[in-house]
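Next, two complexes with subunit A in common: one pairs it with subunit B, the other with subunit C.
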Partner chain A sequence: MLPGVMLSLVISLAAPPQAAPPPPEAAAAMRDRVLEQAAAELQAGRRAEAKKLLASAAERFTSVRAMLQLARLQSGEGDAAGALATLDRARTLAPDTEEVLSAIAQVALAARRPVQALLALEPLTRLAPRIARHHYLFGVALMQAGDMPAATEALQAADRLEPGHNLTSIALGIALNSRKMFGDAKPLLLHVLEREPDNVEALAALAEAEEGLGELDAADSHAARALAATPSHPTANLVVGMVLMKRDRYQEARDALERAAAADTESPKVYYQLSLACARLGDSAGASRNRELYQQKLRAMEARIEELRRVGLPSRGEMPR
Partner chain B sequence: MKSLRPIHGLLLAASLGSLAGAAGSSSVSPFRDVTREAGVTFEHHAAPEKKYIVESMSGGVALFDFDRDGRLDLYLVDSLTVDTAGDPKAARSALYRNLGGFKFEDVTDKAGVGHPGWGMGVCVADVDGDGWDDLYVTALGGNKLYTNGRNGTFSDVTAAAGVGAAGWSTGCGFADYDRDGDLDLFVARYVRMDLTKLPQFGKDKTCEYRGIPVQCGPRGLPGESDFLFRNDGNGRFTEVGDKAGVADRGASFGLGIAWFDANDDGWPDLYVANDSMGNFLYLNRKDGTFEEAGFPRGVAVSEDGSEQGSMGIALGDYNRTGRFSLFVTNFAEEYNALYRHDGAHFTDVSFRSKTAASSLPFVGWGTTFFDYDNDGWLDLIAVNGHVYPQLDKARLGASAGYRQRALFYRNKGDGTFDEVGRTLGGPFAVERVSRGSAVGDLDNDGRLDVVINDLDGSPQVLRNEVPDAGNWLIVKLRGAGANTNAIGAVVTARAGDVRHVRLVQSGTSYISQDDMRLHVGLGASTSADVVEVRWPDGTTTKREQVKANQIIEIAQPTTPSR
Partner chain C sequence: MKPFSSRVPRLLVLALALWPGGVAAQTAAEALAPIDRRMALAEASLRGGEVQIAESRYRAAIFDAWMVAGALHVAAGRLLDARDAFRHASQAVADADAAFRSLALVQMQVGEPAEAVTLLTRLSVRAPKDFQTRRLLAQALTANGQPEEAVQTLEEAHALAPDDAEITFLLAAGYLEAKKVDAAQRLFVEVAAARPIPQTWVLIGRTYRDFRLFDQAREALNKALAKDPTTRRAHYYLGTLAVMPEGDVRLEEAIREFRAELKLAPEDPVVNLRLGMALADARREKAALAPLEIAARLAPSAVAFHHLGRCQLAVGRAADAVKSLRRALVLGAVDEASRVRRIHYQLALALRQAGAEADAAVHFEAAKAGSERQADAERERLSRYLDDSPERTPAAAARLALESPLAGLTPAVHETVARGVRTALARAYLNLGVLRAQAEQFAGAGEFFEQAAAVDPDFPQVQYSLGSARFNAKQYEQAAVALTRALAADPGNPNVRRMLALARFNTGAYHQAADLLASDPERASDPSLQYAYGVALVRSDRARDAEAVFTRMLADHGDRAELHVILGQAHAQQGDFDAAVQDLERARRITPDVPDANATLGLIYLRQGKLAEAAAALREELKHNPRHVLARHTLATVLDLDGQPAEAMTLLRGVLQEQPEFSDARYLLGKILLASGEADHAVPHLEAAVRLSPDDASYHYQLAQAYRKVGRSELADKHLALFQSLKEKARGRRP
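The block that comes next holds the complex of A and B.
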């Protein structure tokens, strides 16, 4: 789902690791030469050659830096599994390295593997508790995993460390919306839009909060603005669908909800609302089909939470019931 | 369970770059806690630590006139604990006779209804059609049907009637689902519980809450099927749940129940609140079977598709459309759901009606729509209390603690409510661990009172002392046949342009029983132009120009016996 450009950005954030054992001088010089060569190949557009060189450096010199660079290339090509395998090896060599953990987290997040991301982010937030970004990413990963109460806590921690950051505020707004705390989400999102009036994510999240609060006209208006910029935006389409449902315009609601489902195939809410729209249109087959999909998505979400527990991550949700 | 929200690449992508670098008025409460001065000394028993879910769910309460003296009496259900399970006398449910003037007398021993076992809930009906109300008490390990001996005593006729229902029963309610003239019984069941193999407290991640060990369940534990007992008309019942399609072979965690006509076809339908699973709406097919339609009708889950931890049910025409909407109390971090009845379907208007947001921190149980100030609009109460005493040691986040105040919603008359519990103060500001609740007019003054059964200790008898209440009418129905309370009858009272619709229900709130007499607040109207009764058999009776501020009885004209 995430473009290679972003993954490059993710990995480029990683500085040379400090925890890896220093190689002997000669070996270090050789390693540096190979890395330079790899960089040159990459510069020349020969990615395959660059990858070979990096793999070789990673193997011969057990170079964590080579592994990080190789992972960047792999994830840039959409090979998240390969990138994560490479990074796991780097983590074995440098287990408590902020850069390695951060890279794992970001690649895993981009690949929508929240549990893997959380397994890196959880120690990262302990290693560097005052870095807002780690808490932010922890919150985003928890959101992906479906643990919204824990996500809220992590995002609030990020907000305390770096108050008023737009992205944190938006993510927090989305998490609060998920917890139906629309009244708390709305002012956060309005504040973001004061600073960045055309932020599509903030517009869509604000529309969702307003829809939840029953402010249907405002929700419709903000969702329309988000859709003008991003016609396939899942949240904005969902909001439009919800507003139309409440206005008893079921045919149009179904169309909007189908657009939302196409953009976000994992949302139980979208399929549940689709099943209601179909039922109200007398389309019992559609209602049944969407209800089945809704239940599949719900069970998948439960499985993700269950996985959080299984791997021992501190799910702080309401899951016992 | 919360929905997974779309986390946009854009949001994440942008983050990596940018973050990398860097109350109200002080009005007097209209309700006063008069429990002690009323002489109600009942104490509900529960293990202090609630290590097992079976120690957290009890506490029904019933308001009914067992001695037919015109005053509502009071029955409170008590429960055993794992430690006292071997001694049935360790729990004592209590029947209090209303002496008038808000004085009650404990008549439990004479009545013989003190030890139903590990009690849970209660519902009332005149099961044998003799004109005297009987009691059905749900329990862990077998329920009790106590028939009224008309002399202050009751007889346990459970075995003879065949309504013992093994396992862990919770909600119950009577209705004439097959319209044969006598009352049938639905019983919801919760979790399959074997006291010799109890799930170990805090044993794994499924028995943790916010990182602290707590009781296990209901998720992770096996659920139970439900029962429908058809009245055979000879003192015996036959269990027909499977045949009728309401047995819940999927074994959901059933709690509150409500019989009502959801599709206005004159036949009783059935709504079942399930904890942590979708709720059921069984539509009566009029042939002895039901069709489950919770999802297509929009009353199974929350608006975002979450399966909520549903407990109690209130049924009421809060928006004066002539249709009964559903209010369902739920677990913390979920919202209490108001499903507005729109005719062909229901619409979740919880947030729009302003009942949802205030409920998020609370674990909700007993609930009833009632017009506390007689202004003509149905208000709403929801009593609360968590299930984990250990919670007070944990980070609370958005949730309230173990003890929680009640929510009191004043109907604004425009489809929305004001939650005024905290500002009303008095008993609503006190944090308790409440379970069952029931509403009725204990002193026949036209102002509805509230009784709440708490899990730990004393109940709450709340006397309504609202000043300047509007005019009112209480209608007591007398059915012609075996259904002497006319359970399932609908009363419509018209005053000017305003139409008030009420339903006679057996089994209400959270495993409790509200007063079966129907109360209508008339506001400034000094009379009802018309009071019309639609009896359970579909016939109707009208009274015109009924003066306000009185209790009237309307008897069903005798009809040919079935």
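The block that comes next holds the complex of A and C.
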């Protein structure tokens, strides 16, 4: 609705520039042509050529536009390291741009590099404090790093800005479950399921909350619904395992927990439960191995939280178990 | 060894270093140059088509501009405004440590040490070797009542930088606070050795004095004088030492020291004030007059005029005393109540002596609460008057005046810089908003325009841009506010007028919308505007005018189904259901699947209690428009009334998936769930409904019932009370 000419109008109203003459128009036009060629290559399915052109535009014209497009392609091909390197270069040229910071956060999160994501998300939540998505991603990154109290705060901020958003509610439910605040998590997750009855993540998280509250039948039933849709779901398998443990069915419990561990190799909680199951089954070697894995995962989480602290990010360092 | 200032407040000059100019500016051009450079670079990037780089540079310009604004506010003593400016700066760029440091400094000044501690803790963790930040953190911790943590912070800093004299000094002061006098003494000796000038001993002496270690203080101050008898402030602090000890007030010694100090600096207002007060207390009021007059002239304060008035009264100059004490009252309006009472008491005495008995009575009354103990209180508090640093901790430094790199500007230059900063901010925010609007991120654009308008509401284009962005983001209320301002500035602009009309229309202000559209030159040729005008007329009870509009539309655009739907809705809103049904049936005959015809018919049948007909019409609408949210919600209502809750719930869940904030749908789903015995599941929906429409009595009633069922009686009672109060309010409104 805004007239396209407004920007130039505003600039013409401004005082005349006093430094740094504009880049030659010819250079800008050349860059645009290279970007157009890259788009055409991409359209034709020639990604390698498109990347080459974008890399050359990024280099020759120090173009952040080209860098963002290149990073998108690299990330789409699973080259997180390459994408992050490109985005780091973009950040040095445009350190205070939301689009650049957001791209770094998303690529880093997808690559499970929470600290790197947080270093982009912390300023992003300051630069654009009213955008719920930034707070949501901040919360998710903190969850990945294992700092659940700080994650809860970030997710609550997202929920205040955009109440009742399913993804935020689920993430908040999971964060609250990790802090054993099952009573707070349950209504949130029920709320999600009212709006989206078959949401697998919400079903699994609700099952975990119910298990924590001792509502074993409900937990079992919701976990079963989640597993019917996604048989390898780590949380649902974990819940099934924990319910079976409480029902003294250790062999079945161990099977479920092993499925959970296979699906999520980073969760300390699964290994802790597995060590208990093995111990109950008299498998002292398995118990010892899983206890060691549990401690190893816990140490990794502690290291991540320590890293957060070192870079001055909010952390309360509460450890999950 | 780093250079070491003679006064701790130097730390607070930190804010000076934070502004982009780097050195203190003398002219407006110098102060604004860094901002202008950033703006020029941003605009160059924009012209080069690199919008991301342009955004970053505009943000950097905004950061610089807010930092300069903060420095200007500090220079003018407007600390709360400075705090806000530094807060804005901290939201402008990713690396905002400089803004956070300045913000923390100001927070310490305005009595928010806890916030300062939070900020500085984070900064010092991030940069463990930034000793300046650590020193500030220690000060903030002390001010926040955490002296042990302050000492620990300083010990860590001292271990990392044993040669930093300022840290050593602050740590020594921290030890005094913790009553570790020997440890402090050792560090003071280190400091004095590192900085062997007499001023170092003055600072040490004053610090001992602040912790009431009078012997050590006297020894340090005498060392300063031994090194150089003309050392400033040594005699002054020795004078204050003479009157500070309890029970041993040596006024003559104090007077002698103050006089010695005045030989070095005859016009020093603080020393003149202290000398005058000491003389007055020694009952030598006549001698006290001269120094008190100097103090009152050079640094007018309630204290100076209070004591001047006292002395004038004592020497029989009642009329002068009245003048001085009245001035003291004006200056002391924000002082502590006991001082104000004492001024009232003295003024009452002066007025009585001057023969103004009635006026005196008023001031005696004001002084009543503490007057009977006046003479004693005066003596008891003498030491406080003499103590220029009543907070006896290192945090005292934080409460001394901040200095600003822009403090030296003349008022005219100050105003020019402030205007330049406002213009730069408005321009940068406006351009950021335009960038967002061009990317069709209208909510984000609105926020930038909002900031531009907050800085300079009259900046060209700002209100129209704000209104336009809010309109496109469907934030019609906010759009209307900005567009009203834009129209006031440019009343003949038809585009602004039209957008305002449509914003009003969307907020339900149909009367204003109709008035604004009445004279729109494009209405006659634009059917959508004509339609909006007609509907606005209908909804503002001007059905006859509306009919003329719609008849004209039918004549101009033919017998179109859509127009009959509008006419039908207009009739329905007037309660003329027969005419409404007639038009809607006509619309269906022309175009059987015309949107909204069946939905409106369904609603009319529902209101008439014809549930089967309503359901049939609504199902017909959904056959052609399966995502029609209102039709689905109305059908759910019909089905609920008809005893078919399962299908109603399915419909409502679908509606809520698309429109989670649809309060009527939430309410209905909650109500059906409650009636089905699923109170647990009903609660979140009813809570959401109440949150979305807190003034709807029935929502509170259902929520109360749901809470009751799940055993949350306290909340049930609360919402039942709200239900009753809303009901009563509604009854009261009825004629």
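A few notes on this one:
In the analysis below, the second predicted complex is superposed on the first by the 292 of 321 C-alpha atoms of A that agree within 3 Å, B and C clash if a C-alpha of one lies under 4 Å from a C-alpha of the other, contacts with A are read in each partner's own complex, and residues count from 1 in each chain.
The working rule: a contact is a pair of C-beta atoms (placed from the backbone, for glycine too) under 8 Å apart; a residue touches a chain by one contact, two chains touch by 3 or more.
Because the structure is predicted, anything quoted here is derived from the model rather than measured.
In the superposition on chain A, no contact is made by A:Ala55 with either subunit B or subunit C.
In the superposition on chain A, A:Pro234 makes contact with subunit B only, while subunit C stays out of contact range. Once the two complexes are laid over each other on the shared chain, residue contacts for A:Arg309 go to subunit B and to subunit C alike.
Of the two partner chains, subunit B is the only one that A:Ile170 touches; subunit C does not reach it. Among subunit B and subunit C, the chain that touches a larger number of residues in subunit A is B. Look at A:Met30: by the touch rule set out above, it reaches neither subunit B nor subunit C. Applying the stated contact rule after C-alpha superposition, one finds that A:Leu281 touches neither subunit B nor subunit C. Of the two partner chains, subunit C is the only one that A:Leu93 touches; subunit B does not reach it.
Looking at subunit A, you'll find residues 1-2, 6, 9-10, 13, 165, 309-310, 314 touch subunit B in one structure and subunit C in the other.
Taken in their complex, subunit B has these residues touching subunit A: 1-20, 22, 205-211, 214, 216-220, 275-276, 295-298, 301, 303-307, 309, 331-335, 344-345, 347, 349, 351-352, 354, 356-357, 360, 395, 397-398. Those residues of subunit A that touch subunit B in the complex are listed here as 1-3, 6, 9-10, 13, 106, 109-110, 132-133, 136-137, 140, 143-149, 152-153, 158, 162, 165-168, 170-171, 174-175, 177-183, 200-201, 212-214, 234-235, 242, 246, 263-264, 266-269, 271-273, 275-276, 279-280, 284, 287, 291, 294, 297-298, 301-302, 304-305, 309-310, 314-321.
Every residue of subunit A that touches subunit C in the complex is listed here, in rising order: 1-2, 4, 6-7, 9-11, 13-15, 17-23, 27-28, 31-32, 63-65, 68, 90, 93-101, 123, 126-131, 163-165, 187, 190-191, 194-197, 309-312, 314.
Against subunit A, in their complex, subunit C makes its touches with residues 36-37, 39-41, 43-44, 46-53, 55-56, 59-60, 63, 90-96, 122-123, 125-126, 423, 427, 430-431, 434-435, 437-438, 444-445, 447, 460-461, 465, 468-469, 471-472, 653, 656-657, 660-661, 669, 680-681, 683-685, 688, 691.
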